[in-house]
Structure formats: structure tokens, C-alpha cells
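Please go over the structures that come below.
Here come two complexes built around chain A, the first alongside chain B, the second alongside chain C.
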Partner chain A sequence: MANTKTKTLSQAQARIERRRITSVIVRYVILIVVGLIMVYPLIWMVGATFKQNSEIFTTLNPIPKEPTTQGYIDAMKSYGGNINIWRAMLNTYSYVIPEVVLTIISSVLTAYGFARFRFKGHDIMFTAMMAMLFLPQVVLNVPQYLLYNKFGWVGSPFYLALIVPTAFATETYFIFMLIQFLRNIPKDLEEAAAIDGCNTLQTLVRIIVPMLMPAIVSCALFKFMWSSNDFLGPLLYVNTPAKYPATIFVKLSMDADTGFNWNRVLATSLISILPNICVFFAAQNQFVDGISAGGVKG
Partner chain B sequence: MKTKKKNKFIKNNVGFFFVIPWLIGFCVFKAYPFLSSFFYSFTDYNLFKGITKFTLENYANVFMNAAERKSLIITFKYAFMTVPLKLVAALFIAYILNFKIKGVNFFRTAYYIPSILGGSVAIAVLWKALFQDDGLIRTAFAAIGIEMPHFMSNPSWALFMICLLRVWQFGSAMVIFLAALKGVSNDLYEAASIDGAGKWTQFFHITVPLITPVIFYNLVTQLVQAFQEFNGPYIITKGGPLGSTTLMSLLIYNNAFTSYNMGKACAQAWVLFAILMVFTAIAFWSQKHWVYYADEDGR
Partner chain C sequence: MKKKVLAVMLSSAMAATVLAGCGSSGSSDTAATTAATEAAAPAATEAATTAATEAAAEAGSGDYENCTLTMDWWGGDSRHEATQKAIDGFKAKYPGIDVQVNFGAWSDWETAKAAEYVSGNNPDVQQTNFDWIGKYDADGTTFLDLNTVSDTFDLTQYDQSVLDICKDSKGGLAGIPVAMTGRTFYWNKATFDQAGIETPKTLADLEAAGATFKDKLGDNYYPLVIGEYDRAILMTYYLQAQYGEPIISPEGNFSYTQDQLKEGIAFIDKLEDEHVIPTEEYILGEGADSMDKSARFINGEYAGIFEWDTAAKKYITALGDNGSNLVVGTPFADMGPKGTGSYQKVSLMFSISAKTEHPHEAALLLNYLLNDPEGVTAMGTERGIPNSKAAYDTLDKAGMIDPMNAEARKAVEDSNPMYWNPLFDDSSLKGDSPALYTDVFDQLSYDQIDEAAAAEALYAGYTAIAPAK
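Up next is the complex of A and B:
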């Protein structure tokens, strides 16, 4: 009697254990299969840049049969005119970097002003600022174009239409993120600094900015990614081929080559996102922290 | 005396000086364009001919003109296909990753990469290489005897393909879900499993209710983004075939920057804006019925 009872008990335990192992296996299988689907297009893309054009679309296998660097050699060539992939990437970063720097400076100033001070009109301005989180860019594109056109910024060789607005804290997400972060920093240090005779600007630079650094780095990384991926902005505001950034250049190279020279097009595309891939791998924890803490769009 | 008073005023309002750049930006780059766009939407403003008359036609046309109405319907289809698929995928994978998985960081990275690169032109180019009629998917599957649909030339598949590009980028929503799931206390699951609740029951009765604020947040942000999608259709399909992927933002672009009908484009943008506001308002209004905030009393 007692014997059968222990037997069923151990059977039940074995069954639970079996079930646990099955569910663990199922989890890993799902993760791996879905993960492969997610990464496969990127792996295939890397492989395809080393394939012959005749091979590219014939097999799902990402490893090239007869590897060639012809795609990359062609990608370095110009399509005519004084623009090639390197020139285009240089153009991209010549406005992305000022955009990142100006966005950070203006956003930190604004966040500091709103989070640490009371002044006339504080609340109404704060509400207006928060409302901007819900103002979709699509409603601003056309009138902004008309405005920049009036200012003479459209087609400016210095990318004025792209750079200047960032000096005025137009990225509301970042202000919001920085304010959230500032709220969790105690005011003791600032008060001590004030007693030591620091004025508000010195306090900002010496006390606040160092403590805000993690949030600032997150903002800078996201701004870098978004600006270098931006397509509509340059499409509207850059109209001389020599000034085209990488995004426009890649689109044009696809249109020019579609149908015959895919290894060149894919190599050009891959080169254009290599800096972003490097930045992502160098700083992936900051990306994940930033997106989980502030809830950034992405 | 006067300077003293002035100094005091400055001292009391010193914070204002820090927000001056923002205030200028707000007035010049946000408020003015926003309001002027509303004004233009009631005119026949053409970039080269200027304004000749005031009219309500722009708004009437959004609903009466066949092509514009089609674009509006397609935009809804796109958003309502993309957002649920994306959120379900994100929550499902985040739920699995939240078990004690070995190599969780590796998987998280793999799932997150498409989100970080997905907005770039390079990925749109890749999508075209994969899905065009003589592209990888059709050719490679034909080689093993499976006939895949014409993603580029069949109108209903074309829209689906554009949707897939965005669903593929579910990683950012997943990372947000994962952070929320980490915050759900383990005690609740233990208590539930002692009561005999299976994994699925636990998921729907504990996990989902507890993370509704995050589901809500993701829902609103994803909807707002989906309604504004531009790059995918512009680069991959150019709005075709037969206008089947001409989303509203692409239609607005075409009106404003290929035919220079600024008034018309502004009206379309305002309709899209109104729709987004309605959805955001519905989401905010309805959240008190289904969103659970742990720090509220009596709920």
C-alpha cells in the first residue's frame, strides 16, 4: 500500500519534471527560431554583398559560393557628378554631429530651467512643452518647409534647415527624459554649491551635468541614430547632389541600379549603416537603459 | 533703487532664462507652423501661384475624392494590421525572455537590432531586395517548388509587405515590456501556482493586468508612429501598385512637393492629425477602465 503511494508520488514528480524540461525546450526553440527570422535578413545582406550578381537571388544560403569584392569595388565608384559614398557619409556626419551637440545643450538648459526653478509662466509653458509630445511631425512638415523656404534655408550648403532648429530644444522627448532624470537627483549638492558661491550656470555645469551624464549619453545616442537615419529631412531640404547625405545617396543608387547590380547596391547600403551598427554594439546597454527608463520611441 | 528691484526680478525668474531657447523654438518652429498650416488648409495655396481663394474643398476632398479616401482607408488598414501584430509579438517574446533564460542579453540584442537600424534607408533597400518580384523570397522559394505571392505587384500583398517591415522592428516595444515584466513580483506567480494556475492563466490574469500602463504607453506611441509611416512606402513601393501603399503621409508629400498644392497637403495633414488626436483621446479616456496603476488607492 505504502509502496504504491510512493510510486505514484515519484511518478507525479517525474511528470512535473518532464513537463518543466519540455517547456524550457519549447521556450528556447521559440526564441531561437524567431531570433533567426529577425537576424536572417541582416546576415543574408552581409553575405549578398560578397556574392556575384547572378547568385544573389538564387539561394537562401547567406554564404557566397564564389566570393567576390566586386560589389564593394563598384560601391566606391561614383555614379557621376561629384558625389560618392564617402562624400555622402561625410555630408551626413557634417550635420548629424552639430545636431547632436546642439540638441543636448538646448535640451539640458530647458530641462534644468523647468525642473529646478519657479518663474512667471512656468506652469503654462511646462504644459505647452508637454503638449508637444503629442504633436505629430506630419502636421508640421509642410508649414515648416514653407517657413524655411522664406528664411532661405532650403538647399542651404550648411544644412541650416536641419541644424538650426535643434539649437532651440525642438526634441521634446529628450527634455522630458532629462526632467524625469533630474527629479530623482537630490538638491543637496546644488544648495551646497550655492552656499559656496556658485551661480546657477556654474551649478549647472559643475554639478548637474556630471550627474545627468547617463541620461545625456542616452539622448545623444538616440539623436545620433535618428539623425543619421533621417530621410525625409534631407529629402526636403538638400537639393544639390554634391551635398547629398548617405540616406539620399543610397536611395538614388538603388533607383539607378535596380535590376542588375544588386551586390553594389547592397554593399553601398551596408557601408552607409556600418557606423550606426558600431555605435549600437559599443553602447547597447545605454540604448536599452534609455529606452526602458524614459520610454523613448524607437 | 531701480536696479535693485530689477536685480530682484531677475533673481526670482532666473529659471526663465534657461528656457528662452526652448520658448523661441516653440514659437518659431512649432506653434507658428502649426497655426499657419491650419490657415493654409482653408486656402488653395500653391507654392508658385500663392493664395487665390479661401475654400473648404480641401477638407471635403479628403472624404469625397476617391484616391484620397482610399489613402485614408489604407492608412487605417496599415495601422490596425501593424500595431496589434507588433505589440503581440513584443509582449510574447518579452514574456518568454523574462523566464530565467540563459544568454538573455544575446537574444535581447538580436531582437533589438532591427529596431535600431530599421528606420534607415539601407534596410528599406534590403526589404526591396527580399520582396521584389524577382527578389530573394520569390526566387529562392520557387527553386524548392513553393510559389510565393507577388509582394510588389499585387496590391493587397504590397501593403502587407510594408507592414512586415514595421512589425519586424518590434524590439523597442519588447525592451519596454521586458523592463515592465521585471517589475512584476515573483511572489504573485508563486502564490498563483500554489493555487494551481497554469502558465497561461498566470499570464492573462497576473502579468497582463499588472503591466497595462506599459501596454497602454506602447499602444499610443506605436499608433502615432504607424499613422505617420513614410519611408517604407516611399522607398520600396513608391506608393504603388495602383496606389495600394499610398499612405496618408506619402499622399501629403506628393501633394506638397510634387504638385506643390500646399493648401491641399495641409488639409490632409490636419485630417490625419485630428484622427491621431481622437485615438490618443480614446486611449487616455478608456485607460481608467482597463489600465491598472499600482500606486493608486482603492483600485
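Up next is the complex of A and C:
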């Protein structure tokens, strides 16, 4: 009697174990298949950097038939000694990093203001700001260019036309996201801080910012990606090849009429996105927390 | 678990974003442009000089002020290199004049330049597109009238007829037409050999080739592949051959009636029915945005293209080892009673800003780049086969003119080149949908509209920008 019971129990355990293993296998197979489909274009791109044009357009196989490293050799070429890929990447980060820092500071300040204080015109200003969310960048190009040209920022070696605007909380989406996040932070904490003698700014820096950190990291990452992928901005406001960022550098060799070697363009692209990918993986956990927290609780 | 799933989903989404980002930077550069260059020039050799250019160079090099000029152009690698080299030569020859350059790819280049024209800080010397005269220099205040610097820039190297088409509304010469480009056929000889026929010399040959290809090689082989814009151009060739008039006159009037347009459209429709050209559905189904990226073209299934002669190089390159199979076609003498006609237009120009503080020095630079043997040798045929006689002689003697390009140029010039009005490329007509050529020829090919409706739509579109006579 006792024996049968044990047997059934061990059978049951074995069945549970089998089910667990099957379920793990099924899950991983699905994940791997879907993952491969997702990553396939990237794998293809890496393979294509080693192919000739004719092979790039005729096969889906990511493994090159006649591998060539000419793409990478060409990618290292400089244009008249003015600009090469490393210089271009350095240029990119020399304005992307200030842009990210200024965007974060200005957006947090603005979001804090809108979320925690009632002032005259609060609602109208908030509505106006939200309306800006729907304004496409295209319509701003010409007026902005004229304005920055008046300020003498066009062609500035310090990328003023790209950097300065970010100090004025121009990323409405981030402000919106931060406000949503702030609504979930209990006001009691700030009251406690006030009782302990914090002034408004101290409350922001010591209490709010640490709590907002996941959201801030998401904003920083988004801004980092958007800025480093921006093409038209630098094209409009940078007019010396030595100051070109990677987005423009990648395209320099792309002549629509006479054709060009895609392997070079792909190799340059691949090299120039590596830092972005590294930054993303380094901050991945914080980033995911930030979006999910904002999304679920907002 | 929930969090993990979310994490996986989000990181996949992120990866997709990153990919999308680099995808667009890698493939969006397909806008058909009027700019063009020819075969990368081999290392420049010192060329013999003609007396005329020596005189011209001498005349200009007299006195000049020390200054800094700005200059920009668009293009690809080899053009960037050649132009920078030529400018280095200029700086060595005229010490004291510094030239600050800016260059890029064509994609969005015009957007950036348009912003500059609006604010008036365009550079002193600039590579410009032919249709920019109408777009940005309508009142003649953007580009300098080059007749005012004719003592420095040697205009006698150019045919007056060529200079005449670069005039702005006030009669000023808005730009120097560096090179001309024309539409012509290129055939993949290997495929025609496979089908056992010669490359087409007449329209009848081409029409017959459709059936032969279908029978001998299969349904997926076509003697010619043409997109929507190509169809519009081929249609005008046909109409010109029937009636002998350019579709839009130099005065900006539309020359044909709706019934005549319908004939042209029927001609294109017939080519499609006879298996001469594939349907748009079949072309677009492959997903290649231009034929040099089409596996069917690279494999030889599409055995003919209809292209600007300055753009042929990319198709030859696309064919890889089989590049030599591509041969220049001759215009069809039997297109219609008025003979053949080919489009020939200014490939690109160089202009000087009307606001420049140093017109004399800017003209010196242009003269060096376009007429001076030294500059010309460095520039090569990066911008097409030069119109300047001095430049042509220099390059010809140095053996720097690509024979295939020269052959294509000759084919166009021999075919009674017809007047080309930039209005033909108006943004309401040419380009991605909604643009008339794309919409009409797609719908026609998909059988969504009949020939009459297509003619009506095209007629309305043309007469909206170019009133009927």
C-alpha cells in the first residue's frame, strides 16, 4: 500500500519533471526561432559587409561566397585628410553627450514644475506643450534654420544649433513621460523632506531624482539614440567636412547616380552603431524598468 | 516571468529600432537625380594644353585679392576625391586664396541647400542642379549672372546654344552647364545571345524580341525593363517621333492634346501586352527600388534598361564580372514619321552666388576647375563628359574619356536631341506617390484605369503646370 503510494508519487514527480522540461524546450525553441528572425537582418548586414554588390542584391544567405574585406579597408579611408570614421564618431558624441545631459536636466525641471506646482496659466501652458508633441519636425526646419542663422549658429564648430535648443526642454515626450512617473511618487516624501528643511531644489535633487532614476535613464537612452541617428540636423547646421558626424559620414560615399560599394557603407554603419549597442546593453535593465514602470502605472 | 517576457519583447523591439535606424541610412538614397558622374578617372596624367586654354588661364591669373571662398558639391567618393584634388591644385596656383569646401551625398542635400537659399548664406561657388534655376533663382537674385565675370571665366569654351538653356528669367547666365546627359537604351548582350537574336536596332526588333524572349527563355525574361518615370519619358519619345514637338515647349506650354497623349499611353500599354516590358506589379514585386539592386537585372532576366548616359556606370558595376555585357543601344529610327528624338539635358551646373564678395576670385576658381588643363585633369569625368571644349580636348588627349560613355553620348547627340523643359520633372509629376507619373503608370499597369482615363489624368496634370497652347 505504502509502496504503491510512493510509486505513484515518484511517477507524478517524474511526470511533472517531464512536463517542465518539455515546456522549457518549447519555450526556448520559440524564443530562439523568433529571436533569429528578429536578429536575421543584423546578421545579414554583418555578412553583407564582406560581400560584393552583385552578391548583396542576389542572395539572402548571410554567409558570403567570395568574402572580401575591402569594405572595411575602404571604411578606414579619409576624405582629403579632413574626416575619417573615428573622427566622425568622435564628432557625433561631442554633441550627443551634451544634448543628452541638457535634455535630461531641462526635462526633469520642467516635468517637476508641471507635476508639483500650480501656477497661473499652468493648464494652458501644459496644453500648449502637449500640442507640440504632434508638431512634426519637418515644419520646423526652415523657421529654425532662419532663426539659428540670425544667431550665427549655422556652421558653428561647437554645434550650437544642435546643442543649445536641448537646454530648453524641447523633447515634449520626455516631459510627458516624467510627469506620468512623478504622479506615482507620493507627495508625503516631499512633505517629509520639507519638514526636514529641504528647499524646493534640494527636494528635487535629493528626493525626486533618485526615485525618478529609471525614467531618467530611459529618457537619456532615447535621446542618445535619436541624436546619434539624426541626419538632417547635422546636414543643415554643420558645413565643414571635418566636423561631420557619423550619420553624414556613412552617407558620404553614397552616390545615387554612379553607384557605390555597399560593403563599405554597411561596414561604416556597423562600426558606427557599435557604441550605441554597447550603451544600450549596459543600461538595458534600468531602461526596461523605466519604460515598464512608466507604462504600467501611468 | 511577466517582467522577463516584457524584457525580451522590449529588447527585440529595441534591436528592431536600431536596425531600422541603420537600414534607413543605408538604403534611402535612391531619389532619381539629374546629377551624374562618369567613370572614375584613372590617375591624372599631365595633359597637353591647347593654346586657347592657356590664354584663358593666363588672362585670369593676373591680379586677385587674397580671400577665402566657400564651395560645396554633392556626389560620391570619387567625385569628392577628384574635386578636392583639383581645389588643392587651385590653391597652389593662386596662393592667398583659400577655399573652404563642404560636400555630401545627394540624399537630403537639396533640403539643406533650400534652407540656405532662403536665408541667403549659400556658398560662393556651388554645384547646382539645372532645375534649381527655376526653383531658387526665379527672380535672378540667387545666382550671379556669369556674363559679368566673362573676362575671368572663359565662356567661349561653351556652345552658345548650351549656355542659352541655363538662363534665368532675367536673361542672366545662372550656371555653367558642366556636362549634358541623355536618355538612352542599354542592352545586356548576353541575354540577347541566349535568345539567339541581335540587340534591337529598331522598334520592330524590340517588339519582336518580347515574343522571342517569352518563347525561348521563359516568362520571366524581358528585353526591357522600365519604371514609371522611364515610361513617361519613353512615351514622350514616341509622341515626339509622331508629331515632332517637345512635350513641353521652351515657352512652358504643353504641346499635345489629350487624344495624342492617349496614343502615347497606348504605345506603352502595348509594350506591356507584348511581353516587351514587365508589368509594374511584377517589377515592384521584387522590392528593388532601382534596377542596379534588382537580382533579375543582375542575373540577366531583364535584358535592357533605359537610363541617363551618366548613370550607366552603376548598372555596369552592378553586373559585376559581367559588366562588359552591357552595350549602348541606338535610338530607334522607326519610332515614328518624325524620326527619333532623345532627351538631352544639363546634367549639372556650377553657379556663383549673387551675394559673393569675391566674384572675380570665384570665377577664377570655376575657370580653373572647368577650363584650365590642370584643374580639368584633376576633375576628370567625375561630372560627366565636359561641355567645355578645352576640357574635352585635354581629357581626350589624356585618354581619360570612357569609350562607352562617349558612345552613349554620341548616340544621344546623333538622335536629334530634343528640348527638355525642367517642368517635365515637376514635383507634382515625378517622384514617389502622390506624383502623377507613378500613380498613372502604376494604375494603368495594374489595370485599375483604362488608357482614356490615364490620358485624362496626365493631361490634367501637365496642363496644370504647363498651360496648353
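Quick note on the criterion: the second predicted complex is superposed on the first by the 216 of 298 C-alpha atoms of A that agree within 3 Å, B and C clash if a C-alpha of one lies under 4 Å from a C-alpha of the other, contacts with A are read in each partner's own complex, and residues count from 1 in each chain.
Following the convention adopted for this analysis, a residue touches a chain if its C-beta (ideal position, glycine included) is under 8 Å from a C-beta of that chain, and two chains touch if they have at least 3 such contacts.
Predicted model, so just to flag it, every value in this text is computed and none were measured.
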| item | value |
| --- | --- |
| Touching partner for A:Thr170 - first (chain B), second (chain C), both, neither | first |
| First, second, both or neither for A:Cys278, with chain B first and chain C second | neither |
| Chain A residues touched - chain C or chain B, whichever exceeds | B |
| Which superposed partner A:Ala128 touches (first chain B, second chain C, both, neither) | first |
| Contacts of A:Ser269 with chain B and chain C, given as first, second, both or neither | both |
| Chain B versus chain C as contact partner of A:Pro241, first or second or both or neither | second |
| Partner chain in contact with A:Phe117 - chain B first, chain C second, else both or neither | first |
| Touched partner set for A:Met254, first chain B, second chain C, both or neither | both |
| Partner chain in contact with A:Ser54 - chain B first, chain C second, else both or neither | second |
| First, second, both or neither for A:Leu140, with chain B first and chain C second | first |
| Overlapping contact positions on chain A, where the chain C interface meets the chain B interface | 31, 34-35, 38-39, 41-42, 45, 57-58, 141-142, 145-146, 225, 229, 231-232, 236, 247-248, 250-251, 254, 258, 262, 265-266, 269-270, 273, 276-277, 280, 284, 287-288, 291-292 |
| Residues on chain A engaged by chain C in the complex (per definition of touch) | 31, 34-35, 38-39, 41-42, 45, 52-54, 57-58, 79-80, 141-142, 145-146, 149, 154, 225, 229, 231-232, 235-236, 239-241, 247-248, 250-260, 262, 265-266, 269-270, 273, 276-277, 280, 284, 287-288, 291-292 |
| Interfacial residue positions of chain B with respect to chain A in the complex | 12-19, 21-26, 28-30, 32-34, 36-37, 40, 47, 93, 96-97, 99, 101, 107-117, 119-130, 134-136, 139-140, 143, 168-169, 171-172, 175-176, 178-179, 199, 217, 221, 224-225, 227-228, 230-231, 234-235, 248-249, 252-253, 256-257, 262, 265-266, 269-270, 272-273, 276-277, 280 |
| Complex interface listing, chain A residues touching chain B | 23, 27-28, 30-31, 34-35, 38-39, 41-42, 44-45, 48, 56-60, 106, 109-110, 112-114, 116-122, 125, 128-129, 132, 134-147, 165, 167-170, 175, 200, 204, 225-226, 228-229, 231-232, 236, 246-248, 250-251, 254, 258, 262, 265-266, 269-270, 272-273, 276-277, 280, 284, 287-288, 291-293, 295-298 |
| Residues of chain C touching chain A in the complex | 3, 6-8, 10-12, 14-19, 21-23, 25-26, 29-33, 35-38, 72, 75-81, 84-85, 100-109, 111-112, 114-115, 118-119, 121, 288, 292-295, 298-299, 308, 310-311, 313-315, 317-321 |
